[in-house]
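Structure provided below as structure tokens; questions to follow.
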């Protein structure tokens, strides 16, 4: 067995081990690398920044725990910006396993804001958490007519009419934009139904897997910003001046990407070397 | 750190490690954690549906005297006829109600967002040429996008064999598609690594307090 | 409902130029204040008007011309805004009939600069029954598309021959089956994780039928592990019928199509085990795939199998392309099944889709000409407010 | 009655909803707001319980017939009952502290770790399966590697202003995805049209 054959036959668990150790070492080292900010992230931040205190914005958190690693940091960074600017936030969660994550993120953001500034952010006054309803597409349309159609009560079962914040909020016309942070096709519905039917300005924060698919909508103006995966989260953390888990993760990403690129190169070198050494046309590679 | 948090994070860490053990091979710890999660999430879903839909959207409205909500409730309950072999056809009525509405709203809106607006945006790219202060590089890129979109559409054209002009265009189209898939691939790598980073951060920082 | 679409050109400094525009503000005059209860409206002030109707309640509103209401803000890059209003008199979004409104758009820059557009000519508010722009830009194309679909499905049902180009992955099917026969090793067919009513799964059934028929003719072994119980029962019917068509009903047995489990990762682990233990010569992955695409394709490539894959889940296509020998990308999967199965519904839809794309390309060409040579009447078609 | 009437219902509602979009009249708005958008969540609630009920049925059958790995089905059932009991005792339901505790410490670790396994799988696949075996696969791999290089400060190649990976994202990627989106859009519309017109009816089941 030549060197390349031996390389090709390497048990996959060795590969797992190399990656695992590299990521662990990277996380432990806690290196912060400079993060270039993309235009798509800057536009979301700039738009929210130009709003007045007391304006309202809709944050749609449509993701479940499996992708929270990428999306929760975005949510927290975004909530920090809103709370600091005293922008009121309407929060919904159209993924069945999302409400607990959303409630958790809101609690964390409120506690952090209190720690930092001593100001209390109050449920029902500064933010409202609507919760979950099935059939996201029709819920998005329903909220465009009146938030009270799908959500007579908020997540904590208080009627919306009893919440001071909702007194002057009827539908999307009363919020300045929707920020959809999502790991599912809910993003497509927000684009087709939310933006399509009600013309609401929409920005999205999506997982890395989905990010590249939404650039066409950016060019048409159907959305005005994209945050893609952990990179987008890290950019937003930088924009709101709170480097957190996403920013720390970027140095680990660098290490892991180097390893994966190396794997691709070594694998392909071995493949071509072996193909050369085999008689033509045997085909069993 | 108090005991409650320690116990909680230790359980979470144990479950995390149990799932990671699948990398070595399938084993009882993995199966246990997985089946537990199936049960818990199904139960959680029941609670969400009950407390966030059944109570506010049905029960409280009926109690408030909005009697007409009895109609959607009955319609919905007909879904349960699915479990009877004889009466399962009744469940088609609520299904038909939902599907009729959902497909009806989808037709114009999807046509608009995914077809018409995309077409419009592509024409907009060319309008840029004439705008004051247009950059050459951007104009060039915009033209490239236009060509790429057309070639991509031609590639997914099944009525004509890929020969001659169609063939060349389709070849270019599949090349553009592949660059797009490559970009998606690169981002997917980042996405998957992110998930691993977060789990390691949890194990090191939240559980072991090993900063 | 009252809808005014305000459409503008991008500011010279938006996206291009200094690229410092943050958002656009849309303003409307006359300014409307209200609603006031009817008994609070001063009788002698002509700027107040009372609106009343049986259906929508009553309220007083004050109109001040020359002053502006902010009707909305949109982020940079946007070129339109819908000013929506309703007919309910005491609602904040009330818009009365028969009032002339004028609009203007202000570009707000990061430095706080504000540049205003000229004021638009007046728009007269009046109830319309039809949303004309929508009918032209969406309704009309939708009707055209419907006609095409109905026409081609009808033609296919009447037995008209509709040409579909051959696809590389499909040509490879016969070759791959032949190879398995030569090597005397089994063929693996994975239908994916989709439910039985998903289009990709349905398309996969008709390809399975073709593969099973060939396999039966060659007397090769076929393995179809299933993820979903309903998919399994349909697949069993399909394979049984295919063996019957091939004239070898005796070779069919119930173990060809079997149920594994409905858990993603354990299912994949089991299929991987099958691939490695049975040394399958050819693997088909056709249908709906999620994260497991990568694991399956990797293991198969390690086992040295020829792999033919296809899915309409775009995110999974890269993994199939780099790890499999042939990949059917998105719609190609449907086309492949139409090509093999000649099912009128699928075939007709595919044809209609092709012709509609031709129409789209023609419109696009027209738009490009209009944009390049600044032909106003063409560009007017593309300025829409939906 | 069994088959024809549901198809007629779909046709009427579907056509109505399409027209409703084009004719913004008060009466059509009323139906749109108070029936079309108001009722489906309620129906959805009942529909979604079907999956849970069948999960319970499958688990019970597995235990009863002592099928492979039946012990794990007991785990599923116990977990299901525990969390439901915790949620129904407390009026806050899904927001009750024990439910939140189970969510945070048991559901989150399983689902997030399960997906993080993919990091290992992608690394292994990168090493063993991602081959430049054809021209197309080569284009894909080169484009992927360039995009992945954006994390490294390698001078003009990855400079954020003129970054090559950014060009890939906003030019060829945009073109490719737009071609796909248009195709997907036409697919969705054609399926919806066929459903409304009663051509496609497989979702109603056989009989």
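Every chain is named by a letter (A, B, C and D) in the order it is written, and numbering of its residues begins at 1.
Note that a residue touches a chain if its C-beta (ideal position, glycine included) is under 8 Å from a C-beta of that chain, and two chains touch if they have at least 3 such contacts.
Keep in mind the model is a prediction, meaning the values are calculated, not measured.
Colleague: Which chains does chain A share as contact partners with chain D?
Modeller: B, C
Colleague: Between chain A and chain C, which partner chains are common?
Modeller: Intersection of chain A and chain C contact lists gives B, D.
Colleague: Among all chains, which one's averaged Cα position is nearest the averaged Cα position of every protein chain shown?
Modeller: Chain closest to the assembly's C-alpha mean: B.
Colleague: Report the chain whose mean Cα position is at the greatest distance from that of chain C.
Modeller: That would be chain A.
Colleague: Considering A-B alongside B-D, which chain pair is linked by more C-beta pairs in contact?
Modeller: By the number of C-beta pairs in contact, the winner is B-D.
Colleague: If you average the Cα atoms of chain B and of chain D to get two centres, how far apart are those centres in Å?
Modeller: Whole-Å distance between the two chain centres: 4.
Colleague: How many angstrom lie between the CA centroids of chain C and chain D, rounded to a whole number?
Modeller: Roughly 14 Å, centre to centre.
Colleague: Two or more other chains in contact with one residue: find those residues in chain B.
Modeller: 22-23, 31, 34, 38, 41, 44-45, 48-49, 51-53, 55, 57, 98, 101-102, 105-115, 118-122, 124, 145-146, 149, 153, 156, 177-178, 180-185, 187-190, 193, 195-196, 198-199
Colleague: Chain D: which residues touch two or more other chains?
Modeller: Residues 18, 21-22, 36, 38, 40-41, 44-45, 47-48, 92, 94-95, 99, 103-104, 107-108, 111-112, 114-122, 124, 126, 128-131, 133, 136-137, 140-141, 144-145, 148, 169-170, 173-174, 177-178, 180-184, 186, 189, 193, 203.
Colleague: Would you please write down the residue numbers of chain A that are in contact with two or more other chains?
Modeller: 16, 19, 23, 66-69, 96-97, 99-100, 133-135, 138, 141, 150, 155, 196-197, 209, 212-213, 216, 219, 221, 253, 256-257, 260, in rising order.
Colleague: Is the chain-to-chain touch network here best called a line, a ring, a star, complete, or other?
Modeller: It is complete, because no pair of chains fails to touch.
Colleague: Quick check on the complex: what are the chain B residues that touch chain A?
Modeller: Going by the criterion above, the answer is residues 23-24, 41, 44-45, 48-49, 51-53, 55-57, 60-61, 98, 101-102, 105-106, 109-110, 112-114, 117-118, 120-121, 124-125, 145, 180, 183-184, 187-191, 193-201, 204, 210-211.
Colleague: Which positions of chain B touch chain D when the two form their complex?
Modeller: Result: residues 8-9, 11-13, 15-16, 19-20, 22-23, 31-55, 57-58, 69, 71-73, 75-80, 82-83, 88-89, 92-111, 113-115, 118-119, 121-122, 141, 144-149, 151-153, 155-156, 173-190, 192-193, 195-196, 198-199, 202 of chain B touch chain D.
Colleague: Enumerate the contact residues on chain A facing chain D in the complex.
Modeller: Per the touch definition, chain A meets chain D at residues 8, 10, 12, 15-16, 18-20, 23, 34, 36-38, 64-69, 96-97, 99-101, 103-104, 133-135, 138-139, 141-142, 145-146, 149-150, 155-156, 197, 212-216, 219, 250, 253-254, 256-261, 263-264, 266-268, 271-272.
Colleague: Which chain D residues qualify as touching chain C in the complex?
Modeller: The contact residues of chain D facing chain C are 18, 21-26, 29, 114-115, 117-118, 121-122, 124-125, 128-131, 133, 136-137, 140-141, 144, 180, 182-184, 186-187, 189-191, 193-194, 197, 199-200, 202-203.
Colleague: Note which residues of chain C are touching chain B in the complex, please.
Modeller: My answer: residues 9-10, 12, 16-17, 134, 137-139, 141-142, 145, 163-166, 263, 265-266, 269, 314-315, 317-319, 321-322, 329-332, 335, 338, 350-351, 354-355, 357, 360-361, 363-364, 367-368, 370-372, 374, 379, 382, 384, 386.
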